[in-house]
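Next come two complexes built around subunit A: one with subunit B, the other with subunit C.
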Partner chain A sequence: MDIRIRGLTKSFGASPAIHGVDLDIRSGELLGLLGPSGSGKTTLLRMIAGLEIPNDGRIFFGDEDASFKTVQERRVGFVFQSYALFRHMSVADNISYGLRVRPGAQRPTTAEIAKRVSDLLEMMQLGGFGSRYPAQLSGGQRQRVALARALAVEPRVLLLDEPFGALDAQVRKDLRRWLREIHDRTGHTTIFVTHDQDEALELSDRVAILSKGRIEQIGSPQDVYHAPQTPFVFGFIGESNRLDVSVEYGRIKLSGVDLGAAAQAVGDGAAWLFFRPQDARLTDASQAPLRGALRAIHRTGAVTRATVLLEPGGALIDLDAPADIALQAGQQTGVHLGRYTIFPAGELAGVRARAA
Partner chain B sequence: MLPVAWRFGQPSPLPGFRLALCGTLLWLAVIVLIPLGGVLLRSSSIGLAGIWEIATQPRLMAALRLSFGLSLLAGVFSLVVGLLIAWVLTRYDFPGSRFLDAAIDLPFAMPTAVAGIALTAVYAPNGWFGAPLAALGLKVAYTPLGIFIALVFIGLPFAVRTIQPVLAETEVELEEASATLGATRAQTIRKVILPPLIPAALTGLALSFARAVGEYGSVIFIAGNIPFASEIAPLMVVMKLEEFDETGATAIAAIMLGVSFAMLLVINLVQAWTRRRLGHG
Partner chain C sequence: MVESTIFREPMKRDRDVADERPLVRRLLIALTVGLMAIFFFTPVALVFVEAFRKGAPAFLNALGDPDTQSAIRLTLLVAAIAVPINALFGVAAAWAAARFQFPGKSILITLIDLPFSVSPVVAGLSYVVLFGSRGYFGPWFAAHGIPVVFALPGIALATTFVTFPFVARELIPLMQQQGVDDEEAALTLGASPWRMFFTVTLPNIKWGLLYGILLCNARAMGEFGAVAAVSGRIRGETNTLPLHVEVLYGGFDLAGAFAVASILAGLALVTLIVKTILEWRHADELAISRRR
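Right after this comes the complex of A and B.
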């Protein structure tokens, strides 16, 4: 089931949560909605489910206009961060709930329901847990029950709101892999919300990055990491450094020091130069226009990272250094910039790069 | 919180058990057990046969039936209305909701006689509600219906206040999950919202029932106290006392005590059973 969203808008009181969002989700795709808190990602997900009523815009499930359909009519599977399991029902009763509440003619027989429940328990690696109560399960097990309950009704689309948000790191990691497997096996169109970029990049076919109620960029995890289209995305995904520079006649200046011709076409004026720690390296102080004093060396396992206080501009930047670095803190060093991206300075959200 | 296991003679890192237990037992003895024991002792002086003779007097039988029947009925009714009020107070924030919340407790705070006189004035055949109802042929004051209204009045806060905190803990996500799974609103209420409330609702029922059985002040004014029609059992106790028949009064008291205890025990057993069934461990 592919899903098309057109001009979706929602405001709570005076503050807009979603501004005219357009989004196409392909059938069978696993799409991550990634953004900081308050970016509107959960609101967007809840509008797709029918749990929030949009102020404007349309939502299509395939060719069907679902905009004015009730939650029940949309047949979505929704998994909540808090699990929202029914505490007074056993695991099996939780999973079969969506089947048991169907009107008589559409309700499967008791034997069919039992079969479906045991299949799902098997798939969720919860065989033998059917008669337990939610209070007797661990967080990871509860979340798997919640997923089984959502899948039991054969939803047209599976929606997950911060599904692993309440779990500890190791369980999170395991469940992530496992969710990907379930998705590949069942082929449901799946949309999940997260504020954890590792989770979004590892799990998704495509990632939509939201900020302040707008989609900043949508693309494969590779795309959003290696070719960020807005300053917000560059700053939000992965580690990055930002230098406040100016562009004069196509040349980049940092506090008056010429850093060479801009690698991308960008208009004259104030600009932001973004680069990742692995795209710059330390060089001889006499050879580079970008110079500074080494502040500190951080070694974290495989990576050695140098912090440099730049002389022009006075900014602190982080860059990768060789593990056998001989420099001491306080010594002068040059910085060679490899790949970088330059954006016109402006708001941190909603500014597109000029032909990156 | 899990109870702290305690063993005799072993020092505990969290002292205070002995003191707390002594205080509890002393208090129970002075305030509850000794007075109740006195009632039983006094009434036993006429023997079981004597008590049986008093209990089977038709006038007292009618009063006991009226008291316990109406108290149970009023408790159930308070529960239904109390559930609705608790729902509105926990789920919606509207102008005046705080005021309404505070007003729920008024029947607790009022002297019961004041409540009785106020209710009588309103429901009397010439009162604000009584007059239009009388025009419809419905007599409220000085009938069992009037007693029922007084008992609901004093029982309602118990029902609201026991259900409210449990309802406040029920997340909205549960209702949303139920809706996404295709359940209608009625199914959600019946299968998701109500079952977890049953233990609290039974506590509310027990409390408002117990209060109603013993209620005197707010009932006698509106009841009219007509023998065999609108005479409650606590009034019979008072009448016996006024006739200096203390033994008779304590005998009625002992009978009421026994019936109340039996009914509360049943409610508590049902509650324990539902608690287990609801997976509360």
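Right after this comes the complex of A and C.
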């Protein structure tokens, strides 16, 4: 089931949560909604489910306009961050709930329900847990019961709100792979919300990055990492450095020091220059226009990082350094910039690059 | 070896720094138990002693008195009216307070507590002013053949007013803490709102609801002040158990007064026992506001 969202807008009181969002979700894809807290990602997910009523805009499930359908009519599977398992029901009763509440004519027979429950328990690797109660399960098991319960009703789209938010690191990683497997096996169109970029990048076919109620960029995990289209995305995904520069006649100036011609076409005026730590390197101080004093060397396993206090501008930047670096803290060094992206300076959200 | 045994010795601490000295502690405990014995256990025990002073036949005789029988019936009837109404109102009020944001919500929650802060007699009198023969609505009801004051409707109204907060106060913090996730999950799974209420909401709040109903019922049967103001104390007609006790006592029928009082005391003990069992078995779902 493909989903189209057009001009969706929602405000809570005076503060807008979602600003005219357009989004196309392809049938069968696993889409991650990624953003910092308060970016509106959960609100967007809840509007798709029908748990939140938009102020404006349309939501289509396939060709059907679902904008005014009730949550029951939409037939979505929703997995809550808290799992929201019914604590007074056994695991099997939780899973079969959505089938049991159907009106008489559509309700499967008791035998069919039992079969469906045992199939789902099997798929979730929860065989033998049917008669337990939620309080007797671990966090990871509860999360799988919640997913089984959502899948039991054969939803047209599966929606997951921070599905791994309440789990510890190792369980998260296992469940992530396992969710991907379930998705590939069942083929449900799936949208999940997360604030964890590793999770979004590892799990998703495509990632939609939200900030302040707007979609900043939608693309494959490679796209959003290697070709960020807005300063927000560059700063939010992965590690990055930002220099406040100005562009004069196509040349980049950092506090008056000329850094060369801009690699991308950008208008004159204040601009932001973004680069990743691995896209810059230390050079001889006499050769580079960008110079500074080495502040510190950090070694974390495979990576060696140098922190440099730039002389022009006075900004602190992090860049990758060779593991056998001989420089001492306090010594002068040059910095060679490899790949970088330059954006006209503005708000951190909602500014598109003139050219990527 | 010698050094290590020193460290294996468990650390002994006679008392926490915040604790009193043993003597002070014992004195405080003795004082509390003593005061409880004098002011609480003895009076309750005496109720039963006095009730049976003239033996079991006299006790049964007092209870068999038609006026007493009528008081028992009226008390049960009033509780049977007031408690379900308040259970319903309590669930509705808690639902509104926990689920919705609306202007004046905090005022509403404060108003729910009003019956606790107003003297019951004042509540009863205000019903007399409203529904009495010279009250605002009284003549209209009288004209339609519905007596309110000095009759069952007035007693039920006054009792309902006084016992209103019990269920609501128990459920508001409980429902606020539980949140709406479970209910939203039921809706996404296709349940109708009523289905959701009976299969998810109600089971989630059942122990808190039962606890509130229990306290509500105890107060409904024991209420004196508000009922005294509206009942008119017509023996055999508008006397509830607590009013009947006072009537008997005023008429120097001590054995009768204590026999009827023992019913109320017995009811209180049963309430206390059930309440303790509930608190012990379902502590996690009860009285979240008090545990905070």
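Just so we're on the same page, the second predicted complex is superposed on the first by the 356 of 356 C-alpha atoms of A that agree within 3 Å, B and C clash if a C-alpha of one lies under 4 Å from a C-alpha of the other, contacts with A are read in each partner's own complex, and residues count from 1 in each chain.
In the analysis below, a residue touches a chain if its C-beta (ideal position, glycine included) is under 8 Å from a C-beta of that chain, and two chains touch if they have at least 3 such contacts.
All values reported here derive from a predicted model rather than from experimental measurement.
> Report clash or fit for the pair subunit B and subunit C bound to subunit A in the combined superposed model.
Superposition check on subunit A flags a clash between subunit B and subunit C.
> Tell me the contact category for A:325 with respect to subunit B and subunit C: first, second, both or neither.
neither
> Who contacts more of subunit A, subunit B or subunit C?
Partner with more touched residues of subunit A: B.
> Give one of first, second, both or neither to describe whether A:171 is in contact with subunit B, with subunit C, with both, or with none.
neither
> Let me test your reading of the model: by the given contact rule, A:71 touches which partner, first (subunit B), second (subunit C), both or neither?
After superposition on chain A, A:71 lies in contact with both partners, subunit B and subunit C.
> Classify the contacts of A:135 with the two partner chains as first (subunit B alone), second (subunit C alone), both, or neither.
First partner only.
> Examine A:288 and indicate which partner it touches, taking first as subunit B and second as subunit C; both and neither are also allowed.
Neither partner.
> Scan A:1 for contacts with subunit B and subunit C and give back first, second, both or neither.
Once the two structures are laid over each other on A, A:1 reaches no partner at all.
> Would you tell me the residues on subunit A in contact with subunit B in one complex that are also in contact with subunit C in the other?
49-51, 71-72, 75-78, 80, 82, 84, 86-88, 97-98, 101-102, 149-150, 153
> Enumerate the contact residues on subunit B facing subunit A in the complex.
171, 173-174, 176-184, 187, 191-192, 195-196, 277-281
> If you look only at subunit A, which of its residues touch subunit C in the complex?
49-51, 71-72, 75-78, 80, 82, 84-88, 97-98, 101-102, 149-150, 153
> Can you list the residues on subunit A that touch subunit B in the complex?
Going by the criterion above, the answer is residues 49-51, 71-72, 74-78, 80, 82, 84, 86-88, 90, 97-98, 101-102, 133-136, 146, 149-150, 153.
> Which of the residues in subunit C come into contact with subunit A in the complex?
Checking each residue of subunit C against subunit A gives 179, 181-182, 184-192, 195, 199-200, 203-204.
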